[in-house]
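Got a structure for you, written out below as C-alpha cells; questions coming shortly.
A, B, C, D, E, F, G and H are the chain letters, set down in written order, and residue numbers restart from 1 in every chain.
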C-alpha cells in the first residue's frame, strides 16, 4: 500500500469523482470578499466535499486589501494556502494585478470589469469579464457586486451547485444583513445567468 | 610557566607575603552588617590588598537577615562567595546557628554574646565572645554594636590595621550618620581593646 | 463667485459634505468612481457661499473651496 | 483596675505607645530584649485607664489591655 | 478668485485608508493645519498609536514614530525629554489611551509632560473589529458585548478628562464634539491651543475628540454624528476641564 | 477583669518583620479585626502586593494570594468573578497601586469590581530602598530624587481618591490618617465599611491610609506621624470621596 | 457521540474546546488574528455559566487568570504575539505558583507591531521561556480546526495534571481558517481535586498562593519540583505524528499550519518519486526528542520548515546531536511558504550526500548546509 | 589616563560606564538588586547634562527608551528579572525598528516573584528572544566590577554599530559586589551619525520609526535585514576568555559571576593536579560557537555550570554538536554554587571516559551524562 493511497483510504474510504479546485478571491475590504469564500465553503460542505477557507486581511480590519483562499477537494486537504490557484476572482485592479501572474496555466481568471481591465499577458488562461458593480448597481445595491461575481464563478466552474450557494446565504450573512437575502439571491442568479451567456 | 603562576604574575607581579581571608559577617537588617564589611573592604584597598565585598539581604531591604562576605587576598580574587569562611562574625543567634557549621576547621567565630550563645559543637574553631550590644549600650548608642565587633575582629585577626578601618569610616558612613563618627571610632577602639584582653 | 471642487477619485461617498452644506447644494451622484464609491457633487454652483463647511467636514480632503 | 501587659520579646521599641498614651505612663526601659530592641514599659499601673490607645497604635500587637 | 481651503502642507499626498465618513482623518487634517499655522513642521514629532490611525505616519509630513499599543505617552516622554525644543504630540484612540495605556496617560499628565495629546474617543475598538472600549456607553452594542454593555458585568465608561483634571500636572484638558459646524471650529481651536501650549513652554495638554466609527457602529456616517450628539454628548460633556 | 484588647483571630502568630514603628502592621491588625467582627474569615481571600507588605500572607489567617507588583486589583478581579460569594481584598502600597498598577486600579474601580482595596500611601518605595513614589511630596527627598522631588523633572503627586472618585464604578472611596486617636478610629471604621460593602453586595471600595515609613524617611516613628500630620495631610486631605 | 459536520473557524474551535473541557473563566484583550476567541467567549461563556471579562490589557488579563486559577477553576486567556510578550511576567508567576491555566497564542508576523499575517517566530518564547526564570509551558500546536478543539481541551488536562500553565501555540492560518468539523456534544472532563486552591478557608487551614521564597534553598526546592514535573512530562507527554517516514530518506519537520503545507509538499514530492516523509511535533514542549533521535539513527536527513528564521530547528539539532544532516528553510514576517516552494527546496536537497551539518546559530532564511 | 583605584559596586560601574560612553537618557523603575543603577543615575545623569526619569513602570520605561532612542541619543534602561519580562514587548519593538538602546538585567532568583539573590535563569529570555518574533539582543555578561564599566560602554557601541538593542546580562553578585577598580576619566566615544533619527525634520524629508509592515513581503525584508546583521555580528562580535584550556582535559564553561566562582574551582582542581580549564563566554549572543566547537574537536570534555537548570548548556551542546561529552551542573532559585561544590563535581566527572553525551532536554539540577 503506497503512502498516498494509505492516507486517502484512512481518511475517506472512497468518494465520487476526484475534484480539486483552488480559488483565490481578492478585492478591497468592504467588497464582501470573505463572504464569497465562506458561501463557497458552506456549499462545498453541504455537498460533502472537503473544503478549507483561509482569509488574509490588510491592516487589522481596516483599509486596503483583502483576499481569501478556498480549496475544495474530494481528497483530504493538506495545505490551506496555495501559490498557484486554479481560479482567481479579482474584484479590483490592484488585486488583479497582484494575483493574475500566480494563476495556473489553463486556469481561470474572473475579472470585475466594472473596476478592472482584463489582463493581457495571461493568454494561457481563460479570462472572464463580469461587470459586477454595474450589474449590482442595476439591481439597486452596489454591495451585491460580490454575489454577481460568485454566481458567475459557480456557473462557469461548477465547483458546487448554485442552489447550494443560495442555501448557504442564510447561514453566512450577518444578522443585520438578513433583510438583503432576496437581493443577494437575485444577484447570484444574475451572475450565473451572465456567465451562462458568455 | 604553570597556569597558576602565569595568572598571578600577569595580574600582580609580586607583592608582600600571601594573605587570604574569607570572612562572613551576619546579623539582622538594621545592625549595620553591610557597613562592617564595607569598612573592611575600604581598609583592605587602602592597604593595597585585593578585596571583594558581597552582600546578601532578606526580603528586598526589609525584615529578617542580612549577611555579607568579604574576601581579602594578596592574589587576584576569583569567587566572591565562599561556602567555607575562615572567619564568621555573628551578630545574632539565628545567624550564628546558620553559619557556624560552615566555618573552616581552625577558623575563628566571633559571637555577639549580648544576643547569642557561643556554639558548643565547634571546638575545632577559635570562638571569641564579645558582648557588643552591652558595650555599645555603655557607649551610649546600641547602633555601634557593629563597630565593637569589627574592632574586636580587626585586633584579633589583623587582616587590616585598625587605623585603616578608622580612616575608612568617613567614606563609608552615610551622610546623615556623619555626626556619629567619633562614637563609631570609639566603639571600634573599645572592641579592639576588649579583644586584646582576651 | 464662490465655488468648490470635489476630487471624485478621492471621494468615498460618505455624504457628510451634503449633510453639512447649509445651502443643501451637494448631492450624491449616480454611478461610482474607480474604487466603487458613489461620489458627491455640487448641484448648484450659484448658491455656494464658499463657507467651506463641506470641506472642513470632508474626511478625505476631497474638497477645495474657491472664493 | 485597668492595666496593660507588654510582651517585651515582641516589642520593637518604636515608642509609639508612649507617644499615644494620654496618661503618659509608658516609658522606654533600660536594656534591650533578645533582638536588641530597647522595649517599652508601663511605669504607673495605677494611672492606666484601660483606654487601649497604646494597644491600638502598637504596630507589633505587643500590648494587651485588661479592664 | 483664490483657493480658500485646500489640503494643508503638513499632510502628505497619501490617500486616507479610513472607512468612508470616519472622522479620524478630519482630525488629522486639523492637526496638519495647526502645524502649518504655527510653522512648526520642522520640529514636530508625532507619535501614532495602534488603532485605526496606526498609519498616521503615512499621512503626516512631520517626523513620526509608531508606538506600541497604549504606550504613546511614554514614547512621547522619551522624545520630548531628549529634545525639549521639539513639538511632540500623540494621537490615540480610546482603547489605546483609556484601556491598555491608562497608566501611561495618567503619569504623563501627572508629570506635566510637555506634550499634546489628541484623544479620539469613538467608543469602540475600530481597528480590531468593534470590541467594547472603556468609553463604550452602557447599553451600546459591541462585538464583545453583543447584547449591549451591561454595567454589572463590564462596568462603567471612563471619563478621561474629568479623571485627569484631578491631577496637578496638566495645563489644558478639554473635550470637543466635531459633529456640527460649531463643534468643528471648537475642535480646531482646541487642537491649536494644545500645540501652542508647547510652543509657549507650557505643560501637558489633552484634547478629547468625541468621534465616530460608522463601520463598527453599523451606521451611516451621517447617522453616526447624530448618534454622538444624542447619546455620547450627554455622558461625555464637552467643555474645558483644566486650563492653567 | 477581662482582656479588652488582644490580637485578633484573623492574625497569625508570625511576628511582623516590619521596621519598628511602621504602620503597615497596624493596618493589618485592623483588617484582621474587621474580618473577625464580620465573621468572614472562612470566605475571605486577601491579595498582597509587592512592597514591604509582601509577606502579609504570613500574617493573615485567611487564604492569601501574592500578586505581581501592581496587579493585585486584576488578581482580585479574577478571584471575585470566579467566587462571587467570597470577600476579596487587596492591600497595596503607593508604588504598587499608584505607579505600576495605575491601569489595574482605575479599571477595577471603573468596573465597580466588588472588592475592598486598602491602599497604604507612605510616599515612598519602602521595600526597595526609599525611591520616589507617585505620592512623594514636592520637595520631599528620596533615593531617586536626593535633592527633593522637583515638579519640573518628576511631576506632581497623584491624588488617587480624587481621581477614582470621577468614575461611576466605585461605591466607597475614603482617605484616612491614623496619626492620632481619632484618625485610628476613623481608619478602623473605614476599613470596616469597605469590607461590609462586600458583605452587602455593593461594589468597589477603597480606603487610602496615609501611612509612614520611618526607615526611608529617616525619622523616628513618632516624628514620622507628626510629619504626616504637618506635611502629608495638607496635600492629601482626609475625607470621603464617594459613598453610594 | 458527535454532532453533524459543521464549518468552523480555528479560533471558534478553541473556544468550544475550552468550554467543553470545563473552562469557566476567560480573561482577554482584543488583538488580531485572535479576536474571534474573546468574541465567541463573550457569547458562549455566559451561556455555560462561566465568566467572560474583557480586561483593560494583556497584563491585566494574565493576572486575572492568575487570580481565577488560584480559585481552582479552569480558566484561560488568549492573545497574539505582541500581547503574549506583555504576559511574560504573569506567565512566569503562574508557573512559579504551580497554577494550572491555559494561554492561547495565535501567532502573527513580527517582530514589533509586525502584521496580522501568520507567523511561527514565537516558538522560543513559548518553549524556552520568554519570561524570567526556569519554567516551561506545556505547549501544543494544532494544525487543523478539529485539533484546535481537542488540543485546547487537552491543554486544560495537562495544565491540571502538572499544575503548570499550558500553551496552545496556534497561528493566523490555523486560527483564521474555516473547515468542516464534527465535534462531540460532550467530552469527558475530569477536573482533579484542588485542595491547594484559595477558595476561602471553609473550615480547613489557610491556603496561600505565592512565588516569593526569600530563602534561596526554598526557592531552589520549588525549582527542583518544577524540573521534576518537566522531566515527568518529557517521559509521558510526547506527542507527534509521522507521515510516510518509514521509507523516507528525507524527513520534513514542521508544526502547526506549516506542517499541513509540508504535507502537501510531501504528496508532491512522492508523486515525483522522492522518498520524503513528514514528522510533525504536536507537543512542542515536551519536544519529541527521542523519536527524532531515532529517525536520525536510522539514517534519515531532516529538512525543518518554519515560518521563522530558525527556532524549532534548534530543538531538532539538539535531538539529532550531530548524527544526521539538518537543513533549515524558513519564511518570516507573515510570508507563508507554499507547497511548491517547499517542493523546490526538497528537490534541491534531495540526493545530496548525507554529511553532518555544521551548525550555525541563526541560519538565514535560506537553507544552510 | 586612569584615576586612582576606588572601591565600587558593579551597579555603580554600569552607570559610570554608560555615562562615559555618552549615554544621556536613563528611564527606569526600582527593583532589587539593581536599585543602585537608577539611584546613581539620578545623581550623575543630571550632572552629565542628561535625562534621568523614574518611569511609572518597566513597561513605560522601555517605551520611553524607545522614544528617546528614536531621537538618536544614547539611552538605556535597567531592571531585574520580573521587570525585564515586562519589557519584552517593547524590546521586540526596539529590535524591529532597528533602534540602538541598552538594557541591563541584574538577574535574580526566579521564576515568579522569586527572591533577590543571584540567578542566571534569564539566559534564554536574553539570547533566544523573550519577546515575539525573530530578533536577537547583542548580549554581554560582565564578571567583575570593571567589566560592568567596560561592557556597558561596549554595549552602547554595539547597539549603535548594529542599530539593535544590546543587553548587559548581569546578576545579583556582579551587580552588588564591591571591588577596587581603576577607571579611566574618559573613554573614546564615537557615536555614528544617525540620519534616520526622528529629531524633527530640520529641512530634510520626514523620518519615520515604525515596525508595522502590513505586507508580509516587506516585513520579511525587515527580517532578512535583521538576520543579515546578526550574521555579521556572529562573524565579528564573538567575545570570550580562555583560562588554562590548552592542556585541559575538562573545560568548565560559565559566564558572569559563576565564571568567577569556576575560576577558583579551576585553581582548586589544578592544585589537585586535575587538568581543568575555564571557557568564559563574554558575549552570549553572538555565542562563541566556533571556539567551543574547536575545543570539542581537540577532544576536550565540557562541564557547563550555571545558576539555572540548564540554559546556556543548550548553546554549548549546539556548538559541540555531538563531538564531545557535555555535562551540566546547575543551582537555582538564588543558590550560588560554591567553588568547593564545583570542585566536587569536577572530581566526580574527572577521568570518566569521554563518551558522547546523550542530550536530554532540561537536565535537572544534578549533572546528567
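Keep this in mind: a residue touches a chain if its C-beta (ideal position, glycine included) is under 8 Å from a C-beta of that chain, and two chains touch if they have at least 3 such contacts.
Keep in mind the model is a prediction, meaning the values are calculated, not measured.
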Graph separation of chain F and chain G (steps between touching chains): 1
Other chains in touch with both chain D and chain H: B, F
Centre-to-centre distance between chain H and chain B (centres being mean Cα positions), rounded to whole Å: 32
Averaged-CA centre spacing for the pair chain E and chain D, given as whole angstrom: 59
Rounded Å distance between chain A and chain D, as computed from the means of their C-alpha atoms: 85
Gap in Å, rounded to a whole number, between the CA centres of chain B and chain A: 81
Sequence positions of chain F contacting 2 or more other chains: 16, 18-19, 54-55, 66, 68, 99-100, 102-103, 106-107, 127-129, 134, 154
Multi-chain contact residues (two or more partners), chain B: 58-61, 64
Residues of chain G whose C-beta touches two or more other chains: 32, 53, 56-57, 59, 82, 89, 93, 97, 113, 115-117, 210-212, 214, 336
Chain H partner contacts - residues on chain G that touch it in the complex: 59, 81-86, 88-89, 92-93, 95-97, 107, 109-117, 119, 121-122, 124-125, 128-136, 210-224, 226-228, 230-231, 234, 285-287, 289, 308-311, 314-315, 317-319, 321-323, 331-336, 356, 358-362, 364-365
Footprint of chain A on chain C - complex, ascending: 31-32, 34-36, 38
Partner chain E, residues of chain G touching it in the complex: 29-32, 35, 38-39, 42-43, 52-54, 56-58, 82, 113
Chain F - residues contacting chain B, complex: 16-19, 52, 54-55, 126-129, 215, 218
Chain H residues touching chain E - in the complex, by the definition given at the top: 24-25, 27, 51, 53, 55-57, 59-61, 63-71, 73, 75, 89-90, 93, 97, 198-203, 206-212
